[in-house]
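Quick one: this structure, given as structure tokens, is what I'll be asking you about.
By letter and in written order, the chains are A, B, C, D, E and F; residue numbering begins at 1 in each of them.
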């Protein structure tokens, strides 16, 4: 990202817009539709987003400049925010124009993990510290070194294009929880290599750094993400990192690569081979289980307060039960 | 099981049969086939089992009494054990007759969990101790009380008719490892009721006590096990136990029952509803994951020493990789 | 349902609304959407329902009281019904307010089976009369006794949340036709227990009485309906009823319970065990076949007069052919 | 089949072979395997079949003539039948030679429907009598006219190559029970054309007459049976018969043909279109249900007396429960 | 199609409508929706189609005559075409009325293959010329004889109801490319009958001539198309044509019919038998492969210029990659 | 393979063994089973293989040396070949001992492609000559350079562990026919890059060189073949080769890699992404189609002369029809 002009505009987080007072701010325009009435007059239905949330907007009598703006643009807007009893929250736009890079601070526009970055980094350091195998430890240090690739991307990438962890640092947050859960599970079994589980869990999704656009303002798949797939990309990246670790044992490399390739668990889900070692089984199951518990959290957030059932979750293929905690009192 | 006559026969464990010396002992006959040659003479091909293992046997010139014995009988045998370079281990029978109950000690014939019973009971006590919810604690105390049903069965039942934990105490051993793993997983998530996960994991398979024959000498399904299924039976049992716990909260009961019903995870696998709470998701995944790691252990045992690959595992739908531990030097 | 105030409002069935004349009546409001125009004025798009049918409505310049009404409310309305050549039937609302329980007669609002209740009761009595097995007969008398549960619910519950028999007495109507068809089929086979088929067919769906809301004004699933499933609930109810019948043979109970549990026919469709007796096979097939013939009737009703093909039926996964009866002359 | 020489050999039904006494008879040889011992001497393991059943046989010191006989041949045999406590029933052959057509009576060798042919014909006549539609009635008279094709084959063909109704008149027996059941079901629905159901059910499997070999001594598929499939063949045959009926209404023909084409119910099971009329739905379901009840009968026959469970039935994908009739006292 | 009145109206192809100038022309109305505003005034949203393309239209203040027109009608329209920067192309209707047959030239309204008809006929002649087998050659001459059926339909039918080759001559175009590809493939294998592949490929879809409506102004399925399916219909047609060819060998007929019946490749896709000969395998694969390459062309056409990815293709179950040709420099 | 001692033994091809005359030769022992009789005497049942075929063998009174030989050994044998009318071909062993490397010529033991190597090389050269794209041409020259890897392996590897092309040069033979067919297909479409299809088809299976053991005397999977899969391995190899070609365009590389990754066509079959370009579609379909035609050839070889149907082919999921060529005469 390019440097921000010190004279950049001030941004008011969407979640903090004052009601009923005209403001000037800027946002990412994520949807734009031109509507019209029988008199042939056009107006705009819009959706804006920033790091704090989203809001619908409407813009009557748009200028040529406003009409020229597109979804994906950062736009400077003037207008009024209101919450109508019937319509819900909405921003009535008076003026709107496209901004150029440098005029705004992208950091204000991009959602980040709800877990503080400092905490994520501490948890990562703690996990790497648990590795007693020297080669796996070096591998992980390389892979998470923010001063080079792929570490630089790994530390900030989202875990998905939309929904589940689709925000800055989302990949790191997801990788950490999978690794913490998997290492805990592995410790129950004498025949399981805990280090290998921990390292495999931390790196299982590293292919996503090259499968998804790194432009957080325009999320989506890369060409390679679609044409080669995150499994093959991730395997190539891990194989490349392993080649950099002096004396990395061939046997350990074979098993580490197997974990990456097989972590989707089934051919139908994109793993060309299925898990054939205890370590690969544990990484796959902990990835899937953790994602599903996270999907419950997502579903709960999408429900209204007091609802006993969430909206239908496509990932879980069910509604989620949200009853008050089933404890005594 | 009826009392054992103090004058009962002495049993020599199959795994400790001396080579090349005539012995008298008793075993469970698990296979019996009558073969013949062109002279019309019949001989018997047999398989014997006891708590320590299995062995093939052959019996030429069988008496009428020997011919009358059947698979499932406990038989007194005289003969010689040998390990031929080409044939492998085999017992050459000289005499064989069916024994009556009371003549033998069933305990010598039944495989038990490789984990000592004392250790299983300690781990169970420790898990119940972790329960802070008073109703779940009482529920678990009822369910595992060896002085009554279903606890008496629960503490000794096998976890399967064959293979995976198909031995005395196998159900308890399986329930413990699932509960230990699941409780560990649950502790990573602030929104998860750890007590409910722990209790659900301990009881998820309790229906097996009525789905499988309790006669360990003749393992198999009960009529109800086939006609009603272990899920429905298990749910009925847990619902019955809950009804015995004074003041058990209705909401907690609803969720506990849901865990039992949904623990197979998919309709195709026999759960009429799929997991709809975080707790049910965790119990299901930990049950499946734990069983698969166990299947790796089974597959490894079925392989010859030094093999890099196990025989094909039907449960895992793959061979298991058995390379030397993937650690350094 | 609470008693109706003798001074309750008069209800004009939707199917009998006079065209072009202002009326005052009441209906169940089942959909409500607030729309707006560029002048910021809100108006309401509504859908009303009563026992006789449904109608779309529109309400301009709604009062605060009208805006406060919600889907699920019974509303008193004033306005005019019209059938425009282009728009079809519509109710133009002038006034609208929420009613309280007691102000209206719920019976006017709830769809009922097209078959007269008297006829349903006669057919039920006739079927029970055909039972020669005394225990099954008592079981059915208990299960259909309107003076207690579950009979009280069984006699009035709908057979579905929407579509197929989703009206008062729908469950009874569906259970009767399945039992009549199944008993007829069973009579063709000497090896089939006709009484068991008949009883199983009558009770196969009894779990629906606790799986669906009994509030016909707000149809939907109960928590238990989703978390435990109608199969497990139905099995529990039948097991409970059997326990009340003195001397009910254990063998007969085992088979009766199997019919309930297996009646969906496949694990994928929610039966944890599949049919393993002739009687269970017949109940399952007659349930499925009968529902599909009913789906043809539903599809035909959804078609316009003279159409040769119905709209696509999701249950049948096809369009239904509606040609004139394929007879001669 | 060619005429039988009046001097043809006498056949003793396998089911009536006297024990322990040398006899001369003839049978169909259905399996023949040459075994050998280390002295290089060959002997024969055989399986014989006739209309009454099957038996295993053994033949030591076979002549060249005996060695030359093949599975599929009718063979004249001399030897002794015995039932050994351990080996079960077996025929010890002393002499064996291949017979030529004309030397034996094929009728003695071919299994027939357990239902007497007279009864089958009466039931067929009764069903056709129920048809009130004149065109369908003529169609059925043509189709079942034993003096021409396809009626001649239809009246004697088996319903399968093996198992389920794989005997003479088996197709007629199966078609009758499907039609009787389906007509009974249809009578419950006012919107169903009972005549069309009845006619469709009687003819649904007529394609089998050309899909299976008509040589009952060598059952198997015809080339067309495999390459074109019984559905397409059956449709062609019914279309051809319809073309012979003067004035057969086009609409009725369209629907009749649809029943034949769709009667397997699913594309996966070989019907290129699925049922789209009530009549086609009923024929499909009654065919499937009837076959499954029949599979229960087959499974029961394959079980030993007193068994509570049949062997696994591949058609039903389950064991069948065989408990004593679930009636009282 | 009936004769066209010499005084028929002039048609301006949609693709050539002049911008901003009032015109009078006629089109096929394929969609019509009546919309309204709060003043109760109705206006029409329309979609028009002719041989050159489609266009959206809007009609305010429609006359009674305009309101009476329906989708499927050919309509005479007056109005103005414009391409607004925001709305895209649109036709503003001033007057609209339904036309009667004879008033217009249907040929102007129906899309045709982008490949010139002359070229299609030349390619067909060339393919038939390659046939050295005299019977297959006569069969193909009959089948493609435009002076009789089914040739008359075969030469002009579309290959689909919508999308893929859903235009006049589309079936011929599709059949030619499949035959050209398949004949080329067949030539690589010494064991393959190239003539049979070529003839089978040309006729594989002939059933579509009777499965789809021949009224190109109202595309859709025929009753038989749905109730009997294009596979059975196509087989009947080819069997009928074969019967007309003197001396057509039975063996060749059996194999030719097999190709038609099995060409969908799988039962799930509507072929009651799967390919069992090399020739049937090649025809099936070339049909499927060719259709998929065609779907890439369709997907590319649906993308905007310069897009690297097409819209999602339902046939291909993926987006199609549209990068600049992967060549050098 | 090590050099062959000039004094190496003479090998008589199994297919050319003289009948009834004692010979000395050597073969690969592929199966060895020790059998025994009631006298405790052991004999050996064996299967031998060489480049020309397989034969069963029996060895009575084996020496200690013979007993010590194992499946996988090359063995020197003395004995007599015979074809008994009843037993079929068999080799009666008199003497047998294990040989050491150097004593025998491996080339005599390994099956090779039925197509002469010279012809394979000519066809390969011709295909590479057709490449007009300079980078793809260099890529193919590298990949097929027998003087280095992977070319050295590519030119001699088998195409499978068993069955289909499971012989020396089998991979090259399979790659050539796929490329020839695919290039021919591609030429029919103006929008397809023929060079890319040709190159992709030639290299699609190159991963098999590292997935299967290169020791043709002991065929099987490598550890990486199972743990990483031939798709990922093949992609890595092609990516590595591309990196060696100076100036290979990135866009072309992306598409080439996509073809390798997607060539199994479906996730279920091991491709983590499905074909998303025309070229990838053609390579996948031609690979599958060609393999199936080859499976017909295999099935025909497995049938007896004159059979109309082959044995069941697991790859084709059907029997193959083998009627005399469907041509006229």
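Quick note on the criterion: contacts are C-beta pairs under 8 Å (C-beta built on N, C-alpha and C of every residue); 3 or more make two chains touch, one makes a residue touch a chain.
None of the values given here were measured: they were computed from a predicted structure.
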Chain-contact steps, minimal, separating chain F from chain B: 1
Shortest chain-hopping distance from chain B out to chain E: 2
Shared chain contacts [chain C and chain E, defined touch]: A, D
Pair of chains joined by more contacts [C-beta pairs], B-C or A-C: B-C
Copies chain E and chain F touch via same or different residues, half shared test: same
Separation of chain D from chain F, taking each centre as the mean of its C-alpha atoms, in whole Å: 44
Geometric centre distance via CA averages, chain E-chain D, whole Å: 46
Residues within chain F bordering two or more other chains: 223, 226-227, 254-255, 258, 276-277, 319, 321, 323
Contact graph of the chains (line, ring, star, complete, other): other
Chains touching one another, given as label pairs in label order: A-B, A-C, A-E, A-F, B-C, B-D, B-F, C-D, C-E, D-E, D-F, E-F
Interfacial residue positions of chain E with respect to chain C in the complex: 34, 36, 38, 42, 67, 223, 226-227
Residues on chain B engaged by chain A in the complex (per definition of touch): 133-135, 177, 180-181, 184-185, 187-189, 191-193, 195-196, 249, 251-252, 254-256, 258, 274-278, 281-282, 285-286, 288-289, 292-293, 296-297, 300, 316-321, 323-329
Chain B residues within the chain C interface of the complex: 223-224, 226-229, 231-232, 235-236, 239, 254-255, 257-258, 261, 267-273, 276-277
Of chain F, residues touching chain D in the complex: 37, 43, 60, 85-87, 308-309, 319, 321, 323
